[in-house]
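Here come two complexes built around chain A, the first alongside chain B, the second alongside chain C.
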Partner chain A sequence: MSVVLPVRAPARGGRLSRRLRRTADNPWGRPRFLGAVTWLYMAWSIVPVVIAIQFSFNAGRSLTAWQGFSLSRWYWGDPINSVFKDPALQHALLQSLKLAGLDVLIAVPLGVSLALGLARWRGPGAKAANFLMLFPLVTPEIVMGVALFLVFLHLFTFIHPGTTAQLLGHVTFSISYVVIVMRGRLFSIGRDYEEAAIDLGATHWQTLRLVLLPLLVPAVLASAIIVFAISIDDFVISSWLSCGSSCDTVPINVYSAARQAPLPSINALAAMLVYITIGVVLIGYGLYRLAMRGNRGSLADLGV
Partner chain B sequence: MYPRWLWRASALPGTVWLFLLFLVPLYAVVAIAFGDVSPIFQLPVPVWNPLDWHFEHMSQVLTLFAPSHELWLVFVRTLIYVVAALALSVLIGYPVAYYIARFSHRSRTTLIVLLLVPFLVSYMLRMLSWVNLLAPDGYVNSVLTGLGILRTPYDWLGGHGFVVVLGLVYGYVPYLILPLYATLDRIDQRHLEAARDLGASRFSTFIHVTLPLSKTGLLGGAAIIALPMFGDYYTTNILSGTPDTSMLGNQIDFYFHGGPQPTVGAAITVVLAAFLVVVMSYYLFSVNRAQKEMHAV
Partner chain C sequence: MAGGAVSLSALAKQFGDFVAVAGIDLDIPSGEFFSMLGPSGCGKTTTLRMIGGFEKPTSGRILLDGVDVTETSAHRRPVNTVFQSYALFPHLNVFDNVAFGLRRARVDKTNVRRRVATALELVGLTGREHSKPIQLSGGQQQRVALARALILEPAVLLLDEPLGALDAKLRKNLQTELKALQKTVGITFIYVTHDQEEALTMSDRIAVMCDGRVDQLGAPREVYEEPSTVFVADFLGVANLLPAKVVDSNGNGGCRVRLGETELDAGRGDTATRGDAMLVVRPERVFLEEHGSAGPNRVPGMVERVVYLGPAVQVVVRLAAGGTIQALVQGTSDELRWRQGTPVHAHLPGDALRVLTSREPEIAPAGDDQEEKR
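Here is the complex of A and B:
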């Protein structure tokens, strides 16, 4: 795009500095440097992960030397060490999926109901509840991990470290994310639709069921995806509330194997999570589009 | 229009859950830190009543935080790592967010999708990929020796602070860029045009208009990544694993899992949380001020 610019002051100096100054002063010029930084950043952030996933398809046992392509060896081909044949890896994958799935099933309803309540409940206690909801978002995971570990050890002693404790921990840090996403949607749809429904003779229960909840479906889907992704990524809470190797999740397995000369199967295990997360996001996005059909709202409604 | 009790009832389960499994556990840490230790097995005994608290463990831990003592070093190291990682993250993240918000046109969707990719990849896999790359015979060493920059492979994973800092930046910078992008994207372009029309150069437009308008996003993003970095122990464990790079989180982990004194671990946790409360209060104060300044403009 070439635009004739009003001449300001005659540029002094050599040709190079003149050109530099012209580039710097041209408001419509493309900032090549910033563009280069951005694309370099993208490469830096993604290429290492791509290489790590590539090595899950290594035909040999090395994680540093490429020894040919094998689609299946570290996923199911190797009779002892592949993800689907090694009981420890298989179990970690199942544990991660179990926690993430149950977390979505518990945290999303709890969070949706809490968000509705916090957005509309006026009265003493509402402010305190709102503050309590924001707190987990700013608490470092290790503090939450220590806290849950101690409370199950000394107070709620009927819950032992294990899958139940891990699940309770996951739900605790997930609820707030659901509330934040739901709140954005609640504010953007306002109360007009519900008032219209009441004016047209709907009962409260009908308004809730036929008007409000359907309008919330896209945000519910979005929060379910987010909860799934943060639960499956979690290391700290799962690890503090673990009962030992039979409670290991994929991140715990990767963490403990990373520095002990692992086989490419550990890359394959971690890559499985990536495939599953991408699958869940794509399915969720498809459903989201379906739910948003004929709706003028956009991603901005979610506070994204 | 709805019955009054409905919304209170709707908020109840979540609030009770957070009370029992977030607030009570936090109090349990305090009750252990100011608690007793059973004389025979040296096991921690929580003291729930503040009037009966014992302060000897806490004061013992606080003396460890005194200059040139054991935990002082770790605390200073944690602070240096976090501040360095934060500064680098801003240096990398701001230009990226700025470019995507202001200058990307056709490539915007692609760039935003690429920006979201790290969120789909688990943190541990992202760290594992660097362990693979930085191994003695990994790609980084073979490229650097191949180019003649290094004569012999460098032991990147042998306990170097800068590797840990780079790991922290790699791990957390996506969480900074996203809120920053959202803020920069919302800046009304007419402000910038006005500044340019009034004769400001590109640089001074940035300094006097864009930067102040993006202050809340910048501070918010910085808090989002600084808080978890203060509690991080796995990044340094996975990328270095030596006591030379141990952070506060590692000490907490050690006293609970390796060492015999959970009470000390709980006390360090309380100190860390108290420190972060101070930092957060300052942060909230400056966000408040930035917002007021913005409204005053």
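Here is the complex of A and C:
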């Protein structure tokens, strides 16, 4: 039995270019180029965060020159300037957490109800309402901030700049995100489950409580994570509706400190924001996994 | 359990300008296995949803055991539904799914447990109480949906293409089971399907629907053997539809029909009509003979295609008069006689030829697309 070897065309070019061509032509080869681009992007976006966190552990007072490692100085070690000793920084952190936490507690239930209404609303006005829902998303934040500021200044004068105004601002733009996530889930769930529940004798309220809400839990968690994350790093609206230094959030505080005499304590403050956000996301994801047990669907299915 | 009698009078539903159901009158007696059969968009599902209380009729009434339930909301109607998607609650296990309705009705714990056990036994799922729906096969999910709907002892069970998502073999088995189950529980079943075979095998009566109307209502044998419209003849099974002209009475209760050059005796259908009509003949009633064989009711043609179907052979004959006709030849040895290009005479017995004058079919009559339905 003879084996006929395919006759190869004489190779052109050098050895390297031949190898490259063979690699590029191999349909089963690993997507090296895509992999490289992905990793480059990851490095590019993570490096600044890593550097910022690194300098929160600087033993010296510089934001640019590494003067040795200190775990605690800018977190709680320094008696005057560390995050836990400086009342301004402490206050900013609390203010940020307070706003983000309350925002989640208010925007998520409101957004869920709104999404339920919009998704099940048939009739004139439904389309317009669905479209208007997207407005806070596409409006530049600065416009939104100014507009809210003017509204509180001239129209709703009983609301003074301060925590309440800041919270109202956050809730205003957070709701859109909740509605979008929830509506996606509602459409993918469809109406069959609700109709089945009603068919079996459940009232509308029982249908919502016993069937719809349990099915919506994953989307509720996903939108809570999103709301927390966008609220805690909001700068523009928080600063427009601020009442001065006692309303400073972490981003505002970092911003003003950076313009004066920055110390690594602002890195520590910002780093704590990162830790908290990551912590919240991890907890949320854990709960999400718990809720999705034995349930078809994935994060992608929620548009997350 | 006693089944309920359903009566629809002038029931209609419009979605904007679209007429989904154009005024239906139906009387479904207690305990009947009733099917609504038709192509998609014929209004069968909309009708079912109106009976279930999920769509508000534009006009007309729905009576259940003589009581007007048109305005009764879905969760108060003694009617339950098996959905096409089953709609089993994914976060509840089999037991909780089946018990859902009982708990809404505030049945006490002991009774819930007892009745769920009975219902699961009825559908052969004892022992799967703690499975989540996703862990069950399609057929098992379908049974859970049945148990969940039946446990409330509804007067009427509505089924919206409940076997549509299952594979052919399983569907066949479940058809038989469903029919047996209906006999056992004695509830009125209203079954919606586009599958004519499903409707024929299970139903006591079938309403063949088209464009929001009931085209024909009758027992399976009746709608298949004696279709009253061209649409019904065409939709149920395979029918040869030949445009022809009725010329005269044949003095024998039937009529003389001109098909191309040939005159035929037709003994069924609307034999009193004159002029243009449609001749309908089932493929299994068409007999192929050698070319030149003498006798009445023979039309000449040539074999265009021979298709092997397993238990039978389908022979498509192009008629000299134009158009094609299908013949179903049973058995094995005959297939060798009919090859592509063989000239033949097709024998169309007078008692198998139906004259229909009503509505035109949507697809071209006697065209090549007839056999696509096989």
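Please note the rule applied: the second predicted complex is superposed on the first by the 264 of 304 C-alpha atoms of A that agree within 3 Å, B and C clash if a C-alpha of one lies under 4 Å from a C-alpha of the other, contacts with A are read in each partner's own complex, and residues count from 1 in each chain.
The rule we apply is simple: contacts are C-beta pairs under 8 Å (C-beta built on N, C-alpha and C of every residue); 3 or more make two chains touch, one makes a residue touch a chain.
Note that the structure is predicted; figures quoted are calculated from it, not measured.
> Mind checking chain B and chain C on superposed chain A, clash or fit?
fit
> Quick check on the superposed pair: does A:232 touch chain B, chain C, both, or neither? Answer first, second, both or neither.
In the superposition, A:232 contacts chain B only.
> Compare chain B and chain C by how many residues of chain A each one touches, and report the one with more.
Touching more of chain A: B.
> Tell me the contact category for A:55 with respect to chain B and chain C: first, second, both or neither.
It touches chain B, and chain C stays clear.
> Should A:195 be classified as contacting the first partner (chain B), the second (chain C), both, or neither?
Both chain B and chain C are touched by A:195.
> For the superposed three-chain arrangement, provide the angle chain B-chain A-chain C between C-alpha centres, rounded in steps of 10 degrees.
Reported to the nearest 10, the angle reads 100 degrees.
> Could you tell me if A:286 is touching chain B, chain C, both of them or neither one (first, second, both, neither)?
A:286 sits against neither chain B nor chain C.
> Can A:150 be said to touch chain B (first), chain C (second), both, or neither?
Only chain B is touched by A:150; chain C is not.
> Just the number, please: smallest Cα separation between chain B and chain C in the overlaid arrangement, in Å.
So the smallest C-alpha gap separating chain B from chain C comes to 5 Å.
> Is there a shared patch on chain A that both chain B and chain C touch, and which residues make it up?
Correct list for chain A: 195, 198.
> What part of chain A is in contact with chain C in the complex they form?
For this pair, the touching residues of chain A are 190, 192-193, 195-203, 206, 210-211, 214-215, 294-296.
> Contact residues on chain B for chain A in the complex?
Chain B residues touching chain A: 1-3, 6-15, 17-19, 21-26, 28-29, 31-32, 44, 46, 92, 95-96, 98-100, 103-104, 111, 114-115, 117-133, 135, 137-139, 157, 170, 173-174, 182, 196, 201-203, 223, 227-228, 230-234, 237-238, 241, 249, 252-253, 256, 262, 265-266, 269, 272-273, 276, 280.
> If you look only at chain A, which of its residues touch chain B in the complex?
24-25, 27, 30-31, 34-35, 37-38, 41-42, 44-46, 48-49, 51-52, 55, 63-65, 110-111, 113-114, 116-118, 120-121, 123, 125-126, 129, 132-133, 135-136, 138-144, 146-151, 154-155, 168-169, 171-172, 175, 179, 194-195, 198, 204, 207-208, 229, 232-233, 235-236, 250-251, 254-255, 258-259, 266-267, 270-271, 273-274, 277-278, 281, 304
> Any idea which chain C residues touch chain A in the complex?
So the residues of chain C touching chain A come out as 52-54, 73-76, 79-81, 83, 85, 87-91, 100-101, 104-105, 132, 134-135, 148-149, 152.
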